[in-house]
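Input: structures, listed below.
Below are two complexes that have chain A in common, paired first with chain B and then with chain C.
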Partner chain A sequence: MFEFLLNPIYQMWIVQGLLLTVEITLFGVLLGLGLGTLLAIADIYGNRPIKVAIAVYVEFFRGSPLFVQLFLAVYTVPAILNIQIDHLFLAFLVFGLNSAAYQKGYMKGSMETILDDQMQAGLSVGMSKIQTLRHVILPQAYRIVIPSWTNEFCSLTKSTATLAFVGFRDLVGAGRSILINNMQIIPVWLVIAAIYLAWISGFSKLMDIIYEKKKIPGIELLMQ
Partner chain B sequence: MADFVMEARHVYKTYGRKNAKKTKQANGDTSDGAKHVVEAVKDVSLQIKKGDIKLIFGPSGSGKSTFLRCLAMLDIPDKGEIYLGDECLTKPGVDLNKARARIGFVFQHIYLFRHLTALGNVELALRQVLKLPKEEARKRALAALAEVKVTDCANKFPAQMSGGQAQRVGIARALARNPDIILLDEPTSALDPELTGEVIDTLRDLAREGTTMLIVSHEMPFARDVAEEMIFYDEGRIVETGPPSQFFNAPNTDRAKQFMTRIINRTTRE
Partner chain C sequence: MDVWQELIILLEGVPLTLSISIVSFLIGIVVGLPFAFIRVYEKEIGFVVDAYEKIFRGIPEIVLLLLFYFGLGPYFPSTFGNAFFTAAFVLGLRSGANQSQIYRGAIRGVGDEQMIAGMSIGLSKWRAIWHIMIPQVFTFSTSGLGSEYALLIKDSAYVYVIGGLAELMKRAIELKYSAADVVTPFVISALLYILLTFPIAFWLDRWGNRRKKKIGL
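Showing the complex of A and B:
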């Protein structure tokens, strides 16, 4: 039933598919974190036009299916602009931009729980707003945001399945390729699902450990 | 050389109470909110010389804390001038971060950096603001913690300390930069009664060492022993100023008399 796993070509597809899934998830979630942080800061301190621009950005990426965004980026945008851009690069970008839209919300939320008093404390010792953000607000916000960030990671990992439908061989793409030659639908998808499960739960467990290790003592009281 | 370490000249500060406005609107009231503007500081002037210990007291909500925050430029006054030595802080273009580095501020609710240990809390500004090398910053931070007798908490996080210990770390954080003046905003009023003593003792030590301090507080025994001048503040204004003996014996104004009677009764009841 699972003999297909012994086929070296299938093995290669699966390994390459997993690598693509992992790469694009990590890249997306990290670009999302960086950009999401900047957007959160801009949303807190920016003037009205900046806030409106951010709201439009967030609504676009949260309010439409990732698959549609991916399709637009890979096929439509280069056609309209009449330029050749590497599809993989565009796909990476879409995942990062999409994740940033969610992570901006998580970062803003966790910054707002600490911003009031900690910013005053930072200013009171002579630090600038930027120094306080860097040395006081963000180190705390990042620790607080880890659980939401882990959820974002899980959700983004599963969203990478859409890559298979715009011509990439990610994990789902590998499954599809194998199925074309071998009609063992249930065993193939069971294997693909098991790999997702192992990767997501392994990484989540790691993040839980980091969260516990880095947790600010007494932060639970603040989060109530 | 300026005569005063810190001076406030005709300072005004009002703020709109957003919450009050919101509830009104939720009730369907269309008032423009102008009624809810709080005049926390109305034409307040004050001079502090080096080594002065002054104490501001008065009813809660009278604007004492806002005035103190204005002095540290944590709230920007609407009108009037704040001087730190020769430097006018209310002029546009002044580097407020640099000015605040010369002012120590102790908060009512302590506001330690939650992700840092006591040592880290004191060290941070020494490293980032004074740009001291690591070793020296550590030495000075430890000395500041020793001065307020919380050396044993050096490696504890804020949530792992008692309120009194945390507030003493807050004082050490304000002290460590050797500021020109320390402003303390009700440093004991958020603490359990049995913990105020250790913080008051710390303040007495600082007073003995000649630290320039402006303290908002209702700790009357402490005020009588330590303050050179007491300032009675009510409804955004300084109502009466004088030595502790004046307030404890016979305040000049009825309002101060009333307030002193109430506060002394409360203290003796306890």
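Showing the complex of A and C:
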């Protein structure tokens, strides 16, 4: 049943597919974290036009499926601009931009639980607004946001399965390639499913451990 | 083919997108609600719910759709061989895992006092849950359920991978080939998805907040 796992070419496809899935997810959640933080700060302190622009950005990326966004990025954008752009680059970008729209919300929520009191405290000891954000607010906000960030990681990883349908050989793409020559449909998808499950559960477990280790003592009281 | 013809073709996919999402949402309620109460009140078998949630958190919907439709479909032609059944089954069970977490939060929000009050006037545990907890749990979950509904609308695009159902995403991708147009179908379908997700999530949240105020929560 699972003999296909012994074929070196299939093994290579699966490993390369997993690597692509892992790379694009990690890139996506990290770009999303950076951009999401900037968007959250801009949304808290920005003026009205900035807030509206951010709301439109977030509504677009959260309101439509990543699947459609991927097609827009890979086919529509190059067609409108009439230039050739590397598909992989565009795919990386769209995962990052999509994740930023979600993470902006998580970061904003996380910062708002601690913002008011601690900003005043920071200003009163003579730090500037930016210094307080950088040295007081953000280090705590990042620790509070870990569970939401882990959820975002899980859902982004699952979304990367769409890559197989715009011509990449990610983990699902590897499964599809194997099935061209091999009719073991159930075993192939079971193996692919197990690899996703192991990678997502393993990484979430790691993040849970980091969260517990880095948790701000007594933060539960603040979150209520 | 002009833009209007493409728009009409895409619009004709909206009812199917909506029905996939709504049926999945209902399956999600049927699975999620009991699971949430089991997780909170029957701690000994709570690990089953945990495992269920972990599995659906860790396996992409696309892989499950491919596994059930192409893998099990040939053996169970009347159930998994049916594209709509498989779509609603996979997305519904996945939604059940999410909804279980949403209701669990709501149960904690409603609070234990109400359960105790119900049981002290002679209701059994499950009758107290049915008559006292569940009505309030829904009020408490509106904002979570709004985003879960939006998530299902977006997830319904994954159903494209099994073919056979001409929902919005499938129609957009087919137009890419039949109309040789890569701009209009994807721009319009993105806007349609936004139109489908935005109002419901927004109104559910507003309605929930008003209702919570009204009953003094």
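One rule holds in what follows: the second predicted complex is superposed on the first by the 224 of 224 C-alpha atoms of A that agree within 3 Å, B and C clash if a C-alpha of one lies under 4 Å from a C-alpha of the other, contacts with A are read in each partner's own complex, and residues count from 1 in each chain.
Going forward, a residue touches a chain if its C-beta (ideal position, glycine included) is under 8 Å from a C-beta of that chain, and two chains touch if they have at least 3 such contacts.
Being a predicted model, the structure only gives us computed values, none of them experimental.
Undergrad: For A:49, decide between first (touching chain B), second (touching chain C), both and neither.
TA: Once the two structures are laid over each other on A, A:49 reaches no partner at all.
Undergrad: Let me test your reading of the model: by the given contact rule, A:123 touches which partner, first (chain B), second (chain C), both or neither?
TA: It touches chain B, and chain C stays clear.
Undergrad: Looking at A:8, would you say it contacts chain B, chain C, both, or neither? Reply first, second, both or neither.
TA: In the superposition, A:8 touches no partner, neither chain B nor chain C.
Undergrad: When the two structures are overlaid on chain A, which partner does A:175 contact: first (chain B), second (chain C), both, or neither?
TA: Only chain C is touched by A:175; chain B is not.
Undergrad: Looking at the overlay, what does A:67 touch: chain B (first), chain C (second), both, or neither?
TA: second
Undergrad: Which partner, once the models are overlaid, touches more of chain A's residues, chain C or chain B?
TA: C
Undergrad: Scan A:162 for contacts with chain B and chain C and give back first, second, both or neither.
TA: It touches chain C, and chain B stays clear.
Undergrad: Mind working out whether A:189 is in touch with chain B, chain C, both or neither, as first, second, both or neither?
TA: Touch partner of A:189: chain C, not chain B.
Undergrad: Is there a shared patch on chain A that both chain B and chain C touch, and which residues make it up?
TA: In chain A, nothing is touched by chain B and also by chain C.
Undergrad: Contact residues on chain A for chain C in the complex?
TA: The touching residues are 59-60, 62-69, 71-72, 75-76, 79-80, 154, 157-162, 164-165, 172, 175, 185-186, 189-190, 192-193, 196-197, 200-201, 204.
Undergrad: For the complex, give me every residue of chain C touching chain A.
TA: Where chain C meets chain A, its residues are 54-55, 57-64, 66-67, 70-72, 150, 154-155, 157-158, 160-161, 169, 172-173, 176, 182-183, 186-187, 189-191, 193-194, 197-198.
Undergrad: Using the touch definition up top, name the residues of chain A that touch chain B in the complex.
TA: Within the complex, chain A contacts chain B at residues 114, 117-118, 120-128, 131, 135-136, 139-140, 143, 216-219, 221-222.
Undergrad: What part of chain B is in contact with chain A in the complex they form?
TA: Spelled out, the residues of chain B in touch with chain A are 72, 74, 97-98, 100-103, 105, 107, 109, 111-115, 124-125, 128-129, 157-160, 173-174, 177.
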